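Two complexes, one shared chain (subunit A), two partners (subunit B, subunit C).
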Partner chain A sequence: MKKLLAMLMAAALLLSCATVLADEEAITLKIAHIGPLTGAAAVYGNATSNGGKIAADEINAAGGKYRVEYTTYDDTHDAETSVNAYSKALDDGAQMILGTTTTSPCIAVSAEAYEDRVFMLTPSASSTAVTADKDNMYQVCFTDPAQGTASAEYIKQNGLPTKVAVIYNNADAYSTGIYQTFVDKAKELGLDVVSETTFTDSTKDFTVQVNDAKNAGAELVFLPIYYGPASMILQTAAQVEYKPVWFGVDGMDGILTIEGFDTSLAEGVLLLTPFSADAQDEKTKNFVATYQAQYGEIPNQFAADAYDGVYALVAAAEKAGVQNGATYADICDAMIAAMQEITVEGVTGTMTWSANGEVTKTPTAVIIQNGAYVGFNK
Partner chain B sequence: MRAKRKKLIYNAVTFGLVIAAFLICQYMISTGQMTRSLRNQLIPICCWIVMAVSLNLVVGISGELSLGHAGFMSVGAFTGIVVSGWLLNAFQMEDVTLRLVLAMAAGGLLAGVAGVLIGIPVLRLKGDYLAIVTLAFGEIIRNVMDCVYVSVEGQGLYFGFLNNKLPGTLLLNGPNGAVGVKKIATFTAGFILIIIALVVILNLINSRSGRAIMAIRDARIAAESVGINITKYRMMAFVTSAIMAGMAGALYGLNYSTLVASKFKFDQSINVLVFVVLGGIGNTLGAVIAATALTVLPEMLRDFGQYRMLVYAVLLIVIMLTTNNPTIRTFLDRLIAPVKRLFRKKNAAELLKQTGGDAQ
Partner chain C sequence: MFFLSNLVNGLSLGSIYAIIALGYTMVYGIAKMLNFAHGDVIMVGAYVSFCAFQYWGLPPVVSILAAMVFCTVLGVVIEGTAYRPLRQATSLAVLITAIGMSYLLQNLALLIFKSDPKNYPAQIIGMPGISLFGGQLKISGVTLVTILANVVIMVLLTLFINRTKLGKAMRCVSEDRGAAELMGISVNRTISLTFAIGSALAAIAGVLLCSAYPIFDPYTGSMPGIKAFTAAVFGGIGSIPGAMVGGLLLGIIEILSRAYISTQLADAIVFAVLIVVLLVKPTGLLGKQIREKV
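Coming up: the complex of A and B.
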């Protein structure tokens, strides 16, 4: 009898606990992430998917006012599939979108989202066409033009060599976007661009481009390209014994992880990026450690952007006072207003947003020394 | 007599199914029963159906192998986008329907011109040259479109190759593709395009020219010996197919706010070829059904998460194997046999009446 009573008491206690918890019911945000988990751009989609997942897990574990229900939808880096993924996400009851990861699908989806009034924050689609004329669209990453301008300014202000060569991918939106603003800004600042050469996705031999830069006497080579071709350019330069200052942008991040690439060739490469995985602040250290433990690799720029993106969405939702069960159309305008007021301290720096959807944060230059990224201060 | 009737029934079933599907979709949209996911796929489905039906004309009816059908779609899509943007910016043409029709006509026209240019040298040759040349054509178009800049200012269009410093509003922005496209494609337009494609292609197949085309496919030398102009009829099939693909491309391009040339890669051409092969080479209705099913399928498999495309591939193999399996075919035939018998009985009775009991 005593036992039964004790059990009843315990049950009652549990029940009362449950009711207390239910009173302070957490608000669940349904965030849909859209990115390429398969296909040629899968590296980026998986990075953003994982980065966002870590942030969502942290927020849920911390047990604040908000919980995050985080779902990833695959778009294979294709506009048609991306719009399909977006439709499916809304059918599933998503309240806001983190994405899409890549630029061209993002432009297509953001146009749909603008008509449907869905709030969107892309971690990594960096073209200005993504946010143009759409008040519901925000970016975590720098825009391409901003990277070009910032690179030219950085080179000028930090006394780096001013005889510059540029090698860029003219079949790639990201690369041409940065190239165009870099050259414009370089002219304005009086940098001497002595060589401009191009390549495409299928280029495997960079002798022509590297020799052109060498013969023109460039002392600094600007590479607004992804790390894959960049590694081949470094190899070619080593063969012809050409040793300028190499200067890259965030696409260069990842060059140390290429299998079979002699990382000593990347020694001394400078890159302008808002995120470096070896930064010593507490936030970055935690993020990198968790990421490595869960996915077995060092997070890149894309993962960091998505990680910050989830925190930004939750911060904006809190500011906008999003309640349980609100639909995407209910909260869109409040989210837009809130987004311009919040300040997020993330792993990619301290971020604020302007009304046109672009982010403001400080880019830092890192230099590759002894096979690792080190903060660069001249 | 009987063959004619069979064709009539086949055509009636094809049109009937397409029209019925359209009416059901319209009904579901108006009552709000259709999910957003399916609703947003309707226009692309229309485009892929037209692509499959038009490629079927080349592969199934004319018996050539074309591996660059997406290239024609690309030409049509970018032409359509430029024409639509130009009409809107230069002439303030707000009439969406008229703009869509003009854009699709222009897309079809330019794709047709591309078809003629490729066809003139290649269709004179024997052998598999068409496959090689169309394969190259698709790749060339993709690489060229990566370098083309088009802008509109006042009433003028400006073209630049590798030169992005153009005045006015950019319509095509090199590797960024077309940006800021005003979406004007509608499901009804897609439906009408399918009907046009079916009317043109089914009529062509059942005409004197169509029989000539099929004669060339079946026995080239025999066809030549009875005086059929080989190049002319092969061109007829190939260019018609290119025009249809161009129109489908224009509709597709105007359904998204952005379009990049890499959308129309080699694998996209193969994708359309898969629709045709799966539907049964030469079978127009089959192409329609296969294009619809294979466009919707990847979206329906989303619940499989990252194994989605794996499941898709496995399903594709299973469908290919089962539809060619004799046991399953007999089983299917037996299933539809009662329906067929019904028609046959009527047929026989009518024949009996007409020929006075001398039915075969």
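Coming up: the complex of A and C.
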């Protein structure tokens, strides 16, 4: 038995030597992706996991200077599980983290990563609390406040109705964050906010909120919320025959995938997103085609953010001159410096990063027409 | 008119709370335990009727019946496997088991149906709405059915409890379990029956809840469950008319305070009212005063 084991070990050693020889030039980056693959937020984690995988495969197939070893760890959208997944990833030799997908686990993990000096880039955790006071933490997506400001600017600049109602979830940091910056910017730009109503996660009945907006004569309703409650609001509005312009943010992405939902109700809904799956540029077309071929669905914004995230990590690693076998602590500071210098052209736009970890890119709006997202041009 | 339409909405939400509260109050009255898995049986009812209608193409009435049958069996099975072995255990152990059962149901649903929310088909309760006062007040078909169903269930349940032999057995077990057993009443069977009725009602509540507020996911039952439990305490836990009154009041207070006071404070007001009621009447509005002999 011992002999057999020894022989196996020797064979494995030879094999690994062989791979090293074949890839002599290439430098392997060990990227760990952490996100919820199971549980209530699995939709998001699977999207980021798949999107990042496609980017990694492309980079490996292209055969440039770097190869990517991409591993996904499940955190079930739970902060504690996420920290455990993070420790496991480091034990497995991860050099940098793409993650975590959702905000509250990301806040927990980024605090650990700051202590350990691990470079982190989250595809989709959009709260400012994620990056606050942590020099090693970067975002691919917009921050929540940036979405509110950008939405108000978009409404003003594109001649959309200026009599605005806001319905937001006051039990959710994401929603209140966007609401606050939206209202501040709206005041500054002279938008007329005529109705502000709230709900919580347990709210089932939206008649009061919808009627309030209707009675106040709002012509545009801003919904900085997730698609579940948004779809209830649309159904309630249909019942009371209220037809304003609906304007959502990235949380609205997914409204067309609800099983049994009458998508005609979402007709004309605008949402601000940096990624539109029907964009005609070469990059997006390729990405959407590959994603559809491998996973059988149209990629959402989360998948696109993770896809760009892997490219950004590789670009930063190249800039920082990461070598084979470098540990996470060796490369962290170089990665931080490199991240602020690179410009990445991805499927979610052309991105640059500031020292506080926030991304700069131009948002575009998409509108739902015939049950699909199309670019919105006024 | 604004007030009337809010009042109708409140009645509708309150009726759903009342139907759910009946399940809590009956089980508490008879088995002396809080069945926290009750809210999740509602969710199961919603999923079963959804599958029956959407995937298997059964007619609406059959779908609802299928949900009721499934939940009845589920309720009896839960009682038999999780609660019956703990009949002599401390109430804390039973409570924890109930919470565990609630998580089990949620996570099973999560495993089977995934976390993406689904939209409940409107055709299951395909009643046309009515329009009053020249179109100023619109009442949806679901609202009418909900309020009507609540009244019918209430009347039938009261008749059942007061006029039938099984109902009498339930009252006996509720009053004194030991004495009831001595009189030849099978306590286990009576408790099973209570769970069966409560779970069938939960299935109906699930159908009504999701017809009125159509987006649902594996966690849909938990919050209405807690609100309905509050309603049961509000009305006096263990009392059937109490559950009805508590549910209706809770729904109306919730909607009216959201409409007239603040959407932010609505839940706070609901629970503040509960605290005030319990301070003045510790047994709830219609609860019985129980004297403990020392």
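Basically, the second predicted complex is superposed on the first by the 354 of 378 C-alpha atoms of A that agree within 3 Å, B and C clash if a C-alpha of one lies under 4 Å from a C-alpha of the other, contacts with A are read in each partner's own complex, and residues count from 1 in each chain.
Basically, a residue touches a chain if its C-beta (ideal position, glycine included) is under 8 Å from a C-beta of that chain, and two chains touch if they have at least 3 such contacts.
Only a predicted model underlies this, so the values are computations on that prediction, with no experimental measurement involved.
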{"item": "Contacts of A:V118 with subunit B and subunit C, given as first, second, both or neither", "value": "neither"}
{"item": "Touching partner for A:V140 - first (subunit B), second (subunit C), both, neither", "value": "neither"}
{"item": "Partner chain in contact with A:Q235 - subunit B first, subunit C second, else both or neither", "value": "second"}
{"item": "Contacts of A:T200 with subunit B and subunit C, given as first, second, both or neither", "value": "both"}
{"item": "Partner chain(s) touched by A:G260 [first = subunit B, second = subunit C, both, neither]", "value": "second"}
{"item": "Touched partner set for A:C332, first subunit B, second subunit C, both or neither", "value": "neither"}
{"item": "Partner chain in contact with A:N170 - subunit B first, subunit C second, else both or neither", "value": "both"}
{"item": "Subunit C-contacting residues of subunit A that also contact subunit B", "value": "170, 200"}
{"item": "Residue ranges of subunit A in contact with subunit C within the complex", "value": "39-43, 170, 197-202, 204-205, 207-209, 211-212, 215, 227-229, 231-232, 235, 239-240, 254, 257-262"}
{"item": "Complex contacts: residues of subunit C adjacent to subunit A", "value": "2, 5-6, 9, 13, 50, 54, 110, 114-121, 138, 140, 209, 212-215, 217-219, 223-224, 227, 254-255, 258-259, 263-264, 267"}
{"item": "Subunit B-facing residues of subunit A, complex", "value": "37-38, 73-74, 76, 78-81, 83-88, 90-91, 103-104, 107-108, 110-112, 127, 129, 132-133, 170-173, 175-177, 180, 200"}
{"item": "Footprint of subunit A on subunit B - complex, ascending", "value": "35-37, 39-41, 44, 143, 146-147, 162, 164, 173-177, 179-180, 183, 256-260, 263, 298-299, 302, 306, 308-309"}
